[in-house]
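Both of the next two complexes hold chain A, though its partner changes from chain B to chain C.
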Partner chain A sequence: MVRVKHRYLLLNILYPEPEQYPWKASLPDTIQFHHPSPDDLTPQLLARAIKDQISILYGDYGAGLTNNGLNIKYLSPATSTAIIRCSRDNYRLVWAALTYMTQLPKSSRFAQARSCVMQVVRVSGTIKKSEEEAIRRAKNAILKAKKDAAGSATEGLNAILDQFGPDVDLEVLRQKRSKPIATLEDEDDDDLEMMSGSD
Partner chain B sequence: MASNIPAKRKQPADSKNQSNDSKRAAKRVKTSQARSILTQASEKALNKNGDLDVSTFIKAREYEIKAMESSMGSSKKSSSTRAFQQVPKDLRRRTASHNVKKVPKRLRARAAKEMKDDNTPTVSSRRRNPTPHMRLRLETAKRLETISKRIQAKREKAFNAKHSLRGPDVAEKASAISKPPKVHKNVLASPEKQSSKYRRREVHKSWLPTHIWHAKRAHMPEPKSPLWRFAIPLSPTAKVHRPTHRAGSLRGCVAWDTSYQSTILVRGVQASLLGVLRALGVDETVLGGKKGSKWRRGTRSWSGWIRERDGDKSSIAEVQIIWCVEDTKPHDGAPAQKHKEKRQFFLRVHPSAFLQVWTEVLKVTKIQKPSPDVEDLRFQVGSIDITGPGSTEALVGILMPKLQTGADPSENLEDLWSQLGALTNPSALPPSALLSFNFHDPRLFHPPRTVKSTNIGYSEHEFLTMLASWSPDTTASPSALFSHAARYAASRLPSQKAINRRKGAALPGNHLLPLPTDPSIPILLIASRAPSLNMQGTWSLLIPWKCVLPVWHSLMHYPISTGGEPRFGGLQEKRQILFEQGQAWFPGDFHGTRAGWQWEVIEREKRKKAWEKRPKSKRVSWDAVDLGDGRKGEIGNGWACDWERLFEGPRPQETELISQNDPSKPPPAPAPQAAPVPPIPHATASELPKAPTLPRRPPLNISHVSSALLGTLTSVPSHCLASIHITLLHRGTPTTCARIYSLPVDAALRKKWLSLFSSLRSSASTQIKSSRSKTSIGDTAVPSHVSDLPSDAPAHIKRQALARALLNGPVSANAEDYPSCPAEEDLIGFVTTGNFDLGMGRSAAVGNIAIARVLKLVDASENMASGTAGDSMSRKGKNLLRWLKPDDRICVVRNAGQRVARLARWEFI
Partner chain C sequence: MPASQSFTIRDFPFTYLHLTLLSTSPSPPPLDGLTAHKHLTAALRQFLGITGTAIPIDILKVDDGDVWIRVPREDGAAVAAALGNWVDAGEGVSWRIRGRGQWLGALVARTGLEKVWGK
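And then the complex of A and B:
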């Protein structure tokens, strides 16, 4: 029996332009970037937005390739996190479409346009691994928020891109580098790790 | 009618359709629910005023973590597994999928429910209606049974009639039977004659005492092609490669029935016995010096190589020699008589070399005066080998020493024996320590119980003192195993029926009390060490042939304190454990001996047949193998360790082909074998001395030289092979027949390989640091990696080294500048066993190399480097082992039929 293989993309929706919102600017950047999403962002809406973006970028051909199996497994407005399932062969099209999305999809014509960044933080072969990664990230975020609130806030771009936390291990970095990235992607591995920060 | 037929599984009857659909829908809802992850609306992440807040931010994340974790748990639970899938793999049975009773009790209720839901038909073979064919067979069996019963009754009647006629005579006869049979000196033993009913099954071979047990659980050799005239289990039917590694080194133990090992007893005056050993080439330092004094006294064993006395003195086999302890009891006679006192020793050898050793020993004893007697104890002394951390404990648990009346030393020994239960490695005992005592029939204490932690009363210090002082060296008394009468008495064990009767009379849960009439079984226990102390040593038990089976049954049921029971192994597992310890296996890894050569000839034929069986498109085309630099075609026969080719160069027909090297011509047929190999003979034991049709000795005067002997030699014969252990420095796994090259003499290619070596060193040094490889890879070259730098090196230098390591990346064999394989002139030997070594975590191999050739190549390359041709002989006359520098032990290994060669390092075994 042939098993249909999928890829699961763990997605963070970031809001790099906090001034749009009338909330306090005194909050650390970490929290402002990981702002909750509006409630009208539903899984169906997100899926439609991705499909639209793919057909803009790749036309009918791309839409046809990715339409099958694209599914939003998880979308939490409170934490702006999502898990998207897509077919293994074409996950890069979906990823590209997400990268090119600069605005949240509008639920109606009159809705306000909100700029955002879709950051794919993990590609995995099973949903379990992306769930584990989401847990790890949530834990880190809690620690970081506590630390930043206490005073030593890291500002600007570092707040988003500081993927490895405070202690960057050179040896770990080296090992990651020594693996050729192209082959990593092609590997038929159920646990495929890809750190967008290290690329 | 239709309603009577049970519905087929998973194809519901029409009437049930409706309910099944709804069931299925409900199930779908259930699984989708289990798989969904709970989410929160965005307002939960905002505070009362609808603003962002640190505390709400944290709360939202905490909720997410909980949701994710619960989703992972519930989706795992909802996945459908059957009850029998929860049973550990090695306890699963095929019948468990349709018979609830084959599932462990705790899962039985669940399994029954699942089977009912699933409509699995449950039939036990006992109640199944027999097929017409089966019914016929059953009826015939029934008829035959009644006939045999009638015949038996008739015979019994006749016997009774005879018996009543001359009653007292029979009683006399019975007592006469218990006398041991005559000792046959200087004659080959034959296996015990089976009753006519079972004679045919041992026509071509002998069974081990545990044959039936093993035949149910292991792959056995084909009935008509036994190994060395024994039906030796090859490998368990279950997959055991990793479990064997674990049991042999980490937890548990592995046991083998090695009763096929042949034992020869030599009895005579000590002087002539020493003369025999001297003639067999046993080292003089062991025979005379202080080094072997304990061995000569009989409290230690010795194993080493013996050689032929005459001719070129070629090595025969590695043997184990155990002396019987000198009887120290005071004698009435004069002290001068001590020289005339007879002593005896066991000589144990692998069956493949038995005949050669036997004839040699017979020949050598004839020369001595007074000439010693030789006895063949092949079917009288059996043995069991056991290795692993739990081995000592298992032995202590099943072997209950029998107190000799009024003997103090034996009491001491019993104490010592029970203390040994805490030992986790036989290597911790003194080297080749020996224990001999009598023990009770293990069936009296069946099933065995886990030994209680015995060293409660003793401190660790006391335990170590006990091991260091090793009292058996002083208190040992002669083992009863050397006595013919004792061996015979021990082999007449009470029947299982009698034991069962006693068990029935005893209280439940209690072991039987031994009776004074129960026979005591003599045993010799030999602890042998592994080459390195962190590897597991091996216990060898020598017991009478007939006692092997009860001991084996008890051993296989012993519950080890760390869990599980002892595993059993076949020949393959023996080889695996030896390989992981970096040792060679006799005979397969010694092509220089007669037995080893015969093994190679048989294996060669097997590999050739396997190659020929494959379709042409799917097998290696030896003539098309690309060796780089425009060379084409495998060296010699690809399926053989082609020593003929190594020593004699290409055969005339082949040279022609190589010189032409025309791809348009059809590939030539593989060269015929040097000597056609007739099939293995199936001689019975009585035909043993007749010449077998396998080669009598290796061709071209090929001989084996052991590393111990190599240390004393100053020059080596040209066709001399030595066994080596190879550790690969890079990737790749060598297999049997892989070609071993020295570093090429050609300067350009040599430079390439050496630069690869240094680059491998830099990238490998970090990885190999933790592995317990025998050789440290970084011992000569300059530091080129971070870890090679001293810890106080300046930061910028460290950074440079790191950057270099990052940029270089791993060495790939596909790279264009990867050095090509050395030329045929650099060929020094062949791999006999190669695999991934689970203990070391990298590939390793055991092989044979032609020593003289290695020395010549080392000379040639040095001359090339220095530019002078004269002083090549300057190192001659020195010890050969010191002659070779570490860099001379780098070699290149290439699998037969492959292009890529790999760097490796070798050591003498």
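And then the complex of A and C:
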């Protein structure tokens, strides 16, 4: 019995242009990049967009080669993750077409173009492994985002508290932080004067 | 007598093609290099997309409807398939491949053969 072998590509859709969503600028980069996709991104729309891109990149030959085995097995607009099934012999064609996609498919001709980056993070022979990898990545992303969000707010303060010990007056510390660099500049000026004196 | 040495030349760098532009109109305009290039890239773009147009084609000679081109050896089969399949319905032109080979000398000689046996 001849089996047709497949490959399952795990895809992340990244949004590396924060200007599109200016009100979210205060969030750390890891959350901004993994922005949820708009709801009008359906599996049919994404499949059509990939097939069109293959046709542009590889012409009739590539379209005929990859058309038969290409489906979207899983798409979650909320996490911007997708699992794409394609034939084992030409998964690289599909991967290349994904790399060259620079914007999301438009749901209608008058919709605005939304730029994005398609990142293939795993290729596996079974869909189970792709699912496990998706879950693992989602967990890691949440932990990292939590760490980033917590760290940026209190990072400087924690460093100073460690330096002086637990009993510390926060007001005094804030005043100290407000004039930080003057002492460094004075030291540099002294060095320059010493050097010119030695000449 | 010195011992004889033999060399085998493998992997020629280029594949040469001898093409003719067929046209449905009774008196087609004479073919020049730019028009030939336009038709060649149109055929490659349809069959192979952007990667097809990236195949480097050297037009060696354009002579009254006959075009001689060379392409890298590994792209020879793809170019032949693309040109053979292409028809421009708007202008009513298509390519006919008269010969394909890795040695230009043999390809040129074949045209004489056609004059003897063909039209």
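Here, the second predicted complex is superposed on the first by the 150 of 199 C-alpha atoms of A that agree within 3 Å, B and C clash if a C-alpha of one lies under 4 Å from a C-alpha of the other, contacts with A are read in each partner's own complex, and residues count from 1 in each chain.
Everything below uses one rule, namely that contacts are C-beta pairs under 8 Å (C-beta built on N, C-alpha and C of every residue); 3 or more make two chains touch, one makes a residue touch a chain.
As the structure is a prediction and not an experimental result, all values here were calculated from the model.
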item	value
Touched partner set for A:61, first chain B, second chain C, both or neither	second
Of chain B and chain C, the chain that contacts the larger number of chain A residues	B
First (chain B), second (chain C), both or neither touched by A:74	first
First (chain B), second (chain C), both or neither touched by A:117	neither
First, second, both or neither for A:45, with chain B first and chain C second	neither
Chain B versus chain C as contact partner of A:14, first or second or both or neither	neither
Shared contact residues on chain A - chain B and chain C	none
Chain A-touching residues of chain C, taken from the complex the two chains share	44-52, 78, 81-82, 85
Chain A contact footprint on chain B (complex, rising order)	37, 39-46, 51-52, 54, 57-58, 60-65, 67-69, 71-72, 75, 802, 805-806, 809-810
Contact footprint of chain B on chain A as seen in their complex	23-24, 27-28, 31-32, 34-39, 73-79, 81, 83, 127-128, 131-132, 134-135, 138-139, 141-142, 145-146, 149, 170, 174, 177-178
Residues of chain A that touch chain C when the two form their complex	54-62
